[in-house]
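In what comes next, subunit A is part of two complexes: it sits with subunit B in the first one and with subunit C in the second one.
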Partner chain A sequence: MPVFKVPFNGYSVKFSPFYESQLAVATAQNFGILGNGRLHVLQLSPSPANPGQPISEISSFDTADGVYDCCWSESHDSLIVAAVADGSVKLYDLSLPPTANPIRSLQEHTREVHSVDYNVVRKDSFLSSSWDDTVKLWTVDRPSSVRTFKEHAYCVYSTAWNPRHADVFASASGDCTARIWDVREPASTMILPAHEFEILSCDWNKYDDCVIATASVDKSIKVWDVRSFRVPVAVLNGHGYAVRKVKFSPHRGSVIASCSYDMTVCLWDYMVEDALIGRYDHHTEFTVGVDMSVLVEGLLASTGWDELVYVWQHGMDPRAP
Partner chain B sequence: MAMRELVSGGAACATSGSSSSSNPLGSLANALLGSSSKTQERLREIPTSTAIPSDGSASVGTGEPLSGLPGSELDHPLQPNAQGSEFLRGFRSADQHGLADVWDEIQRPQVNFPPEHVLRQPDTNGPPQRVLSSFLHSFVNSSHGGIPFCPATLPVLGLSAGDKQCIRDRSSIMARHFFADKSEDFINAQVNALLSSLEIDNDIRAPGPAFKRYQELEKYWHETHGMRPGPNPADGWVAEFAQHPVGHGDPSTWVQSFEQEHGANGWASEFEHEHAQLASMDHIRGATMPHLAAMEQTRMLANTLAQNNDPKFQNSKFFQFVSKMSRGEITVEDNQIKPATLSAPGDWATEYQQQYSGGQTWADQFVHEELSKGPNGWVDEFASERGHVDDGWVNEFSKLHVNDWAEEFGRQVGEGTFGDSSADNWASAYDEYLNEQTALKQQSESSRGVYVFSDLNPYVGHPNPLKEGQELFRKGLLSEAVLALEAEVLKNPDNAEGWRLLGIAHAENDDDQQAIAAMMRAQEVDPTNLEVLLALGVSHTNELEQAAALKYLYSWLRHHPKYGTVVPPNQPDSLYYGDVATYFSDAARMSPDDADVHIVLGVLYNLSREYDKAIESFQTALKLKPRDYSLWNKLGATQANSVQSADAILAYQQALDLKPNYVRAWANMGISYANQGMYEESIRYYVRALAMNPKADNAWQYLRISLSCASRNDMLEACDSRNLDFLQKEFPL
Partner chain C sequence: MGSQSDSTPNSVDDKAQNPASQPSESTVNQGTVAKADVPNERATPSPFVNSEPIREEQVQNAVKFLSHPKVRGSPVMYRRSFLERKGLTKEEIDDAFRRVPDPTPSATASQPVVANQDGQLNSSSAIQQQVPTQTLQRAQAPSTGSISRLGLYQFHWSHVLYAIGFLAVSGAGTAVLLKKTIIPRLKSWIRKVVLKEEEGEPLVEKGNAKPNLAEEAAAAAKAAAAAAADVARASQEMLMSKTEEKRYFSELTNLLDVQIREMKTMSNAVQKLQDKGESSIPGRIATREEDDHRVSVVNSRQPYSNGKVDNRIDSVISSSPPSSVEPSAAPHPKSYMEIMAMVQRGERPSNIREINDQPPNPNQPVPNPRLVPKPKPWEVGQSQSSSGSGFQYQESSNGFTSGSQTIQLNADGSVPWWQQKNARITEIESEDEQNIRSSVPSEKPVQRSWVPPQPPPVAMAEAAAAIRQPKKPLLQKEQLTDDHLLGRASEVTDELQRITKISEAGGLEANGGNLANNASEIQKEEEQAYTET
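After this line comes the complex of A and B, so read on.
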């Protein structure tokens, strides 16, 4: 299956919600500790110039600091939001030449922006979460944030919009809590002390809007029902190091993909007893980005600090030619 | 808190008769708990009919609006206020201009503002990426398999305060992710090792809410214990920790050794230790209570969590990258954290940095080195002077040297400098070396004096490579400086200063061939440049090319504004050593405070092997220029030549204190140890020098010899294949 080499360390990969062959990759030099960043937009087909390479680059955008995350707009097929380590959130329009990009640079966070997530219901807004402990709500047409959510006591590593409710999102923080928010409310509506260690990622079940998964430095993934959050619905153990990202399948309600500092990508079915249904150890450095295609069932993408982007079908070997 | 109570209270007042709970939490629960049919019901109730603008912004108007997200269940028309509307109504009545308004307001058409073009050009003028990149890489990879991070002495990278803050904050935060198995002690040690080796001040404090809390604690601590709020206690702890040569990976080992160190202090030291940890924690600007709890947890976990024995981790880039690190002139040191004491930005431009080391020790055990070198040099000089090579003469000359060498060798064996077995090893190594040299001879002869440019040069196209090169040189990044300066002389082949600096950079990097080639180009462009002439004189002295050395030293004197009168105006056809020495003695009498004259005199006495006089000259010069690191190196080399290797090591140490990246001094240090029969020590210094500059061919040869002498034939293969990773692991300094 296809593999693509990027010059910097991969940080995040996202399939386009519009085209099954497009994906965006956020990268940062020197592991994001210091240096430049680059946002790549890749196409799952050989370019005429280089027919041997199964993935070709449509476009790339340089930044003065690492790009930690990116997300596609849900309303415009050419719009990408990037989370940049210099604290800015940048918007890129693929249909415009690189010189006209980014079309926005939103500079409000005082520290590294670690994630961005586009609202899938109200397709006009997105969230950014930052190491300045805050989450900010933005819309594409406003020069400043609509709201700032400041409650977490430490870095906020990720946010995820509820797939069904336009105003509800979850946040995962290094303060060992996940929080549920309603943007119309002044404060978080639920505090989930989900792990004993930093929580690096969270995501909502796409078929059950009360179910959320959290991934932690404690190597585990926990699945929670927000209606009864005293005990987790499931605890998924199997990663050997901190779990960096967790993602629910857009096609199967109980399937979860995760990636970890143990360099693997794992697939889980939290409903069954032997939850671990797939493990891929194709990366040779920390695996920090994973995504599942909305348009093609079972299509996975991952990236890591080995500067490689893999795209493969579940059940296949990502490294198979 | 108050805010929250206030708002939820307000909501409760306003929503009378609502079936759902009226506080925000209830509202959310409602939204979350509600079945989809319930949601549909509420949808119909909602009076608002705000439509989602299909294209809110002119600047992003190119995509076709999608009616629904493919694959999602959201095919129904979108109603932004679909749920929680009861609450929302109540909320609005309580606070008309509240957050809900803002959230809804974004639906209304916005005044478009022009797109911003704020992309800063990627900062390519930042710190040298290769150096930093590989350094950070080793830090990150130290997490694989729990290898303690062994930082290297780094050159001044010119990191801005912002850069440093980035490195400090980001590495602290990230370290807590990938060292999940390790105790907090370990993580702090790793981060602090990184920071201290990058000379990042642990006192740069990032703002954060937790910091204040800690300050109070610190104040309390100081008050109650009558301690001075002196330097950050964490620093002390870190330094102390760094000195422990124990396995940092195992917290229990650490604790043990800590107790050994602090013995009966028991509780106090323990508390201090905690305190220091807290201080370190603070550096990540988030010493929140959850963290402290997590810290405890980590400790407990650390003992139970198994080490990852996956070969994948062991084989990760950690080892591969050590070799890349060498390109960046950094190396892994032993478990010691040695913050680099770096040379102050000196007046490099006025200093004479050209000096020598290596080959001069031929008078000692390494005579054989010069054996093939010497003739080469002679032949070359001869060829360049006469235009052709007289083979017969060369052969004769070589034989002469072989005899000298045999004598010398015999004498040393007789004195018992070599052990019996080591002599054999050494002899066989020498044979191999000779064969190699014979093979290389043709090649080196033809290429001698021709400057060889690097293949891939990232500085080509740089707007001002000279300035960049000067800056890199000043920072001690010699290999990088060489690249930048090469770009400069490619751009401006007539820039004498570019060539001169390039030559000096090569000389300091222990590459005399390239140094001479560059200096000759500089002299072509500017035949009277004093610095160039002196540098050439020194380089040729190093190569034992007396005639050439005398020629350049003579020219130096003649073109010097002060001493031009000392020498006869017409350069004689052949220069005699004695005459030149006399001229310089006169010059030294004229101005005894001119360090340069004393330096040249020292060089001249080296030529005549009057080492005591040479040492005296250099010591005089050092009184005038105590911070001239190259001068310390010259003194060391001379002392080594006069069989005062122990003194030489002290002099080299001075040079290295002033300039830690001084490859030549590292190599010379190795030679001095080898001269004293301390081969194991010498190997470490050679490897260190080679890690900084793998192109230093002489040092490879010295290394090979020392390996043979130390009976480390098992490492010869690594030496021959120039496998620095392996060597560095085997011989850490």
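After this line comes the complex of A and C, so read on.
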């Protein structure tokens, strides 16, 4: 399985929803403490007869500060949204030359922007969550945010749109709560006191729109049903350190991929008694980004602070040549 | 959807108002109110809204918590956050806040920006004391910076006023004193001169009286002039000293300003770095918590976890697991620690470049999309794919084949490496693929997701016979008692259940079309069997 070396520490990797072979990687220099950033767009070359370059770079964009997250637009095949550590959200257009990019730089957050997520249902808007405790809603055509959601008491590490309801999204914060919001409502509609420690990531079940998973510093992943949110549906233990990112599979309703500071990527099936169904320890530093392809079933990608990006099929060894 | 959003705030408001009047019957009221307030197309309200009734016990615990004197002194946001973490809903928290009378917020997040002239000195000293502590708090740094600057300016002006007053008073005092000392000196000097002259008179002729007088007058005039010169010099010195003092004071205040500004920038920089350091490695928050940083978790938890606190407050807090379950910090790479140390010392890593990442044309038009968005795998087979954006979506069957694995073949006909799968997984997966691909041409495309179990195929002839059998005994043995008939009916259902379970365990192996046909067939049999009884 091929690996790609990036010059900076990897922070996030996302597959394109339009092209099976494209993925975007967000990286930051000096572990994201202080330094530049770069957004890479990589291509998986289809021909196995070209073993020298199974992953190649289509283009890359430099930023003054680290890029903590990126997401692809669901409506435009060449647009990428980047979350930058200087508080700006930048839009990049791959169909334009690098000198014409970025096409937008939206500076409204007062702290680092930690994550961005694009609306999968209506495909017209995206969210950004920041260490300034707020979540902002944007559309591509407007130069300023549509709404700001300010309720969390600490950094908001992650937001995720509901895969079936165009107006519902969830946010995970360092104040140990996850909140469910409806953009039509003035305030959050539900508060899940999901963990006793900071919640670093959340994601919705693509096949059950009321099930949400949260990943926390307490090394566990909890799966919740919002209809009865006092008790989790499942608690997934197995990571050795804080779980940094959690992602529900787009193809199998009960499969979750997660990555952690224990340098592994794990696959879980929370409906099964023995939930851990796969474990990959190919990284040599914190694994910070993981994604499962929507277009190719079983295709996983991960990146970490060891400056490597791996793309592999579930069941195969990521480090195999 | 519009009516949906209208109804939920109503139900939330009603729930909030009801328990205030009827705490005991809250559950019953809420149930009826919630149901009555949802007259829209959906049978149940949105699942993303908390429709739990307010729990009185939780509200009372929260009231006790909020009434605690130590809690009173903490910012409102921390109190809210604590209660949220304990699992209280928004309505419960609002209720608790309403029940506890809130005195003047002394150190809340929203500090009074305008300080009155009356309480100037007090407020300014208070603000000055709070400035060093609050600059450590991330969220309030910008506001307190401006507030403290404002306070210092006022302080500065009042200080100047006081200085000027003091100087004026001191100047007047010294002037008075000097006059008091100069005049006696003058007088005594004049007396001396006069005495000298008087002493000299008897010795000298009387004729010298007049010139002596003139001399005396001249001498007195000289003395007066000298005294006046002295006074002038003294007053000049005083003025100079006054201006000097004023200058010194202004210099002092300027220096203080500069110092404070520098301190603020330093603290901001330290904050930023600490934030980045802390939040980018949240695993380390556990150890940092002991250092009593911004994390309010520990700030609010520590005062209550010791035995001094009321038992009932403990019950609210003891529901959380003991603090010994703190997660261990992940070991960070060595170069990470080096960079953190370098940044905290104030050094800038040498590999950072100056990059201009601003958009060259902020009004660059967004390009037209070249591809139509593909339906997601979980949207396939559903008719509720949204059309709000005006894109044309492919039909479900076409979308299915294109949304799922379109195996691109290379020039030599081989499969791209990222679609090749491991042998053991392909065994399981290829079966699914074949099933699904074969069922695509049928009328009902089968979803690749979890499919509800279909009634079993007629693979077991005995089962089919068993199902069909009860008809004959029912027809023949009409004299059977009711118990027997019921027994037969239950046998049929048991048979069916057993067969269903077996087929479920075996997995979906048959064609979708066949299943549908078999399902209808068996359902017919069932109906007939039941109607016979």
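FYI, the second predicted complex is superposed on the first by the 315 of 321 C-alpha atoms of A that agree within 3 Å, B and C clash if a C-alpha of one lies under 4 Å from a C-alpha of the other, contacts with A are read in each partner's own complex, and residues count from 1 in each chain.
In the analysis below, a contact is a pair of C-beta atoms (placed from the backbone, for glycine too) under 8 Å apart; a residue touches a chain by one contact, two chains touch by 3 or more.
All figures in this text were calculated on a predicted structure; none of them were measured in a lab.
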Worksheet item: Should the superposition on subunit A be reported as showing a clash between subunit B and subunit C, or a fit?
Response: clash
Item to complete: Have a look at where A:G298 lands relative to subunit B and subunit C in the superposition and call it first, second, both or neither.
Response: second
Discussion item. Per the contact definition in the header, classify A:Y241: touching subunit B only (first), subunit C only (second), both, or neither.
Written reply: both
Item to complete: Report for A:G315: first if it touches subunit B alone, second if subunit C alone, otherwise both or neither.
Response: second
Worksheet item: A:P250 contacts which: subunit B (first), subunit C (second), both, neither?
Response: both
Discussion item. Under the stated touch criterion, which partner chain does A:D281 make contact with: subunit B (first), subunit C (second), both, or neither?
Written reply: first
Fill in: Touching both subunit B and subunit C, residues of subunit A
17-18, 29-36, 61-64, 74-79, 85, 90, 93, 95-96, 99-105, 111-112, 120-124, 131, 133, 140-141, 143, 153-155, 163-168, 174-177, 180, 182, 184-187, 189-190, 196-198, 200, 206-207, 210, 217-219, 226-227, 240-242, 250-251, 261-262, 285-286, 294-295, 305
Fill in: Sites on subunit A touched by subunit B in the complex
17-18, 29-36, 61-64, 73-79, 85, 90-91, 93, 95-96, 99-105, 107, 111-112, 120-125, 131, 133, 137, 139-143, 146-147, 153-155, 163-168, 174-177, 180, 182-187, 189-190, 196-198, 200, 206-207, 209-210, 217-219, 226-227, 240-242, 244, 250-251, 261-263, 281, 284-286, 294-295, 305-306
Worksheet, complete the sentence: In the complex, subunit B touches subunit A at residues 3-4, 7, 24-25, 27-29, 31-33, 52-57, 59-60, 62-66, 69-74, 78, 80-84, 87-88, 91, 98-100, 102-103, 106-107, 110, 112-113, 115-124, 126-127, 129, 132-133, 136-137, 140, 143, 159, 163, 166-167, 169-171, 173-174, 176-178, 180-181, 209-210, 286, 288, 290-291, 293-294, 297-298, 301, 308, 310, 312-313, 316-317
Fill in: Footprint of subunit C on subunit A - complex, ascending
1-2, 17-18, 20-21, 29-36, 44, 46-49, 54, 61-64, 74-79, 84-85, 90, 93, 95-96, 99-105, 110-112, 114, 120-124, 131-133, 140-141, 143, 153-155, 157, 162-168, 174-177, 180, 182, 184-191, 193, 196-198, 200, 206-207, 210, 217-219, 226-227, 229-230, 240-242, 250-253, 261-262, 285-286, 294-299, 305, 311, 313-316
Item to complete: Would you pull the subunit C residues touching subunit A in the complex into a rising list?
Response: 1, 5, 8-9, 46-50, 77-78, 80-81, 84-87, 89-90, 139, 142, 273, 275-277, 279-283, 285-286, 294-297, 320-321, 325-328, 330, 333, 335-336, 339-340, 343, 348-349, 351-362, 364, 366-371, 373-374, 376-378, 384, 386, 388-389, 391, 403-406, 408, 410-412, 414, 416-422, 424-425, 429, 448-450
